[in-house]
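The structure appears below as structure tokens.
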Amino acid sequence: MDAILELCDISKDYPNQKALDRVSLAIPRGAFFSLLGPSGCGKTTTLRLVAGFEQPTSGEVRLNGSTINHLKPYQRNVSTVFQNYALFPHLSVQDNIEFGLRRRGGANIAARVGQMLDLLKLTGKERRRPSEISGGERQRVALARSLVLAPDVLLLDEPLSALDPDLRKQVRAELKSIQRRVGVTFLFVTHDQEEALSLSDQIAVMNRGQVEQIGMPEEIYLHPRTRFVASFLGRMNWIDGAGVRPEALRISREAAGNGLCCHPATVMGSVFLGNCVHVEARLASGETLVAEVPRLDARFATGEQVHICWRPSDEMRFPGEPP
Amino acid sequence: MRRLRLLFLAPAGIISLALLIAPLAIIGGYSVLTRGAYGGVERPWTWESYRLLLNPLYGEILFRSFWIAIVSTGLCLLLGFPLALFIAQSGPRKSLYLNLVMLPFWTSFLVRTYAWMFLLRDTGLINTALQSLGLIRQPLPLLYNDGAVILGLVYGYLPFTILPIYAALERLEPCLLEAAADLGAGPWSTVARIAIPLSAPGIWAGAVLVFIPTLGTYLTSDLLGGGKTVLIGNLVQNQFTTARDWPFGSAASIALMAIVLLLLMALRSRGTQDLL
Amino acid sequence: MKRALALYAACAYAFLHAPLLILAVFSVNASRFTIWQGLSLHWYRAAFADVQLTSAAANSLLIAVIATLLSTVIGTLCAYGLWKRGSTWLAGSLYLSLVTPEIVTGVSLLAFFQWSFRYLHMQLGLHTVILAHVAFSIAYVVVVVIARLRMFDPTLEEAALDLGATEWQAFGRVTLPSIFPGVAAAALLAFTVSFDDYVITSLVAGVDSQTLPMVIYAMARRGISPEVNAISTLIVVGLGALILVSERLREA
């Protein structure tokens, strides 16, 4: 793999906690790579280490094969899109986008800015101030400002969290298409697993300063290596130390055969979610399961006696981990 | 990065050291030296100046300064609180009313002190007006006494109580006052029992902000008090100019500084807010 | 109760503003006594004709402009430095300068200058006044600029660094433009404080340099002089206008 960015055994200690504990990552050139995890897991710290705003306590950051630990933020060829966009309020959209280019000097500034304005559909808004454009437009300006510098890696710190939920889905798709078109490596930080799954070529799931698993979205979802990864991506039912996804559970009124694992259960209630129904049922052993049932299937009333079945191959077990 | 930050702080640091700290250290040193033959200071080192301060004559000056400062502070609080209350409850016109208070304050202290001279002297406006109305025959000696000094100080420093009290009242949640009303308290008792106690930090801050400058006042007591009202500030000024007793003047200055710093430390423990 | 408060407020505002208004009114009184004898700009003309007054005013202006420039630059840099990384002793000494009574600041500076003149062979004059003004104005500038900096979003500086600006460039192109209204407000404040100072200036000015407050003080002590009314009104209007602008900038 042609890794454009490598984190080699990075640790970051703070006086009262260890923010990162021997993190190693290799981000392939041109990939949309996500760091996924709950708040406090160290994903933002990782981003800031790559950008140069913090120094690792130990370990190396390598860009294109050379170590960049000692380089200041303005000496590194990476660029950050901040969570609050950090657009300069006293400069116009055009001046904001030009900012980095002007620091470098060089020719063709106007042309390159024009290209970027086109790509991000901001033409016509050049003269406006950040306070005069919408949230979605501000995000595009932040992107343009960083992309126009042709960085080796673009760092994005939860860029969609400040947007309205309906806008988020639309912007997500745009972000993916921009990345494909421009070809820049994206290092994307988020706590939203749906975002990570839908956008990424590869995901690194982080928890408490450590990387729990790296892989493609399908692999991580279907074959999680730890309990944490399993529970963090989508819901999990735990029965007898094994985990089963809600959509892998089948509910029927009769017991089924042909190699399926079946248990009798009592329906506790159902929640209608539009395209599917979540049915909550309790086993004789006392454990409660949630099964995801397509809307068009049979309905189950509270108190009904049913059978919950699943294929043994859908079970996920994590030997060596406490239940 | 660190070098840059030091560069930013260096000019202010040098000036602080040279023009704020060193001068204070120097008069500290002078306060334990002896008065020189041609003014200035010379050895031997002695506590004489401080012993002189304990003389009842100077004790009277100290007492008077305290008394005037306390009265001025009290009046400022008494007159300032209702005005601060008015502004806090005035709704949309708040900043206008606030500016109307602050604007005269920031123009010129000297001019504002002189304005009272103009009003109070024997041939001033008040006496002329009263005489022409036939209410008095001889002009009233309104100027050149303690009362005039207090008036001048209250006039000068009133805004210093209004701002912090207003800030404290602003932060008061209106639901507290509404709760008091709901439980049967009339407007006056709501003020007395709720507004005043809860705005206490602002009141203390205002008191400190007035007491300290009025304790060390020089200009007001000089212009409005004539030669008659000698306070610590006038004493110090006199020693460094006409009387040419620099050690004694330094001792008085150090004593004044000590009182101010002690007061500030005592009030810190009461939890007043920082200025910086 | 609202009515009682409003009535009180009206009286209080009258008390606060009446003296200055009366001064202004009598500055255009034709008579030199406090009896109204018709409108006249005579005293203003007399004030401008008085060489002592005009040269003192010129001195005051010169001192204020230089002191303001120096204290604003030094104070702004200091505020920025304190905002990024505190310094207890510097913050402490600035606080000390704010609470020290003016008379003590004045005599201590006098003592310092006289002591240093033993080695420097200089005299008291305009330059010592300027130094003194810079010294006590810095604290005011720092207070105003730091308040403005606290409203400034630090990620903007990080963004600038991220895009290739050095620390100096980030300060100059992003931070400074953002806090500029606060810096301007601080400068106007420093100007007002310097222009109006009497106590400290009178102690460190020496015999040859007279400032406007010093002349006004001498005239006020001597007795009736209606020119003082005229100059006073001019000062109040002038400084008042500056302060209004400063307040607007602070809120911008």
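Letters A, B and C mark the chains as written, and numbering starts fresh at 1 in each.
Simple rule for what comes next: a contact is a pair of C-beta atoms (placed from the backbone, for glycine too) under 8 Å apart; a residue touches a chain by one contact, two chains touch by 3 or more.
Because the structure is a prediction, the values reported are computed rather than measured.
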Identifier of the chain whose CA centre is least distant from the whole-structure CA centre: C
Per Cα centroids, the chain farthest from chain B: A
Distance from the mean Cα position of chain C to that of chain A, given in whole angstrom: 56
Geometric centre distance via CA averages, chain B-chain A, whole Å: 60
Intercentroid distance (Cα basis), chain C paired with chain B, Å: 18
Sites on chain B touched by chain C in the complex: 1, 4-9, 11-13, 15-24, 26-27, 30, 40, 79, 82-83, 85-87, 89, 97, 99-104, 106-112, 114-119, 123-125, 128, 132, 155, 158, 187-188, 191, 212-213, 215-219, 223, 233, 236-237, 240-241, 246, 249-250, 253, 256-257, 260-261, 264, 275-276
Of all residues in chain C, those that touch chain A in their complex: 153, 155-156, 158-166, 169, 173-174, 177-178
Chain A - residues contacting chain C, complex: 51-53, 72-74, 79-80, 82, 84, 86-90, 99-100, 103-104, 145-146, 149
In the complex, chain C residues that touch chain B: 1-2, 5-6, 8-9, 12-13, 15-17, 19-20, 22-23, 26, 33-35, 73-75, 77-78, 80-82, 84-85, 87, 90-91, 93-112, 114-115, 131-132, 134-135, 138, 142-143, 146, 167-168, 189, 192, 195-196, 198-199, 203, 213, 216-217, 220-221, 224, 228-229, 232, 235-236, 239-240, 243-244, 247
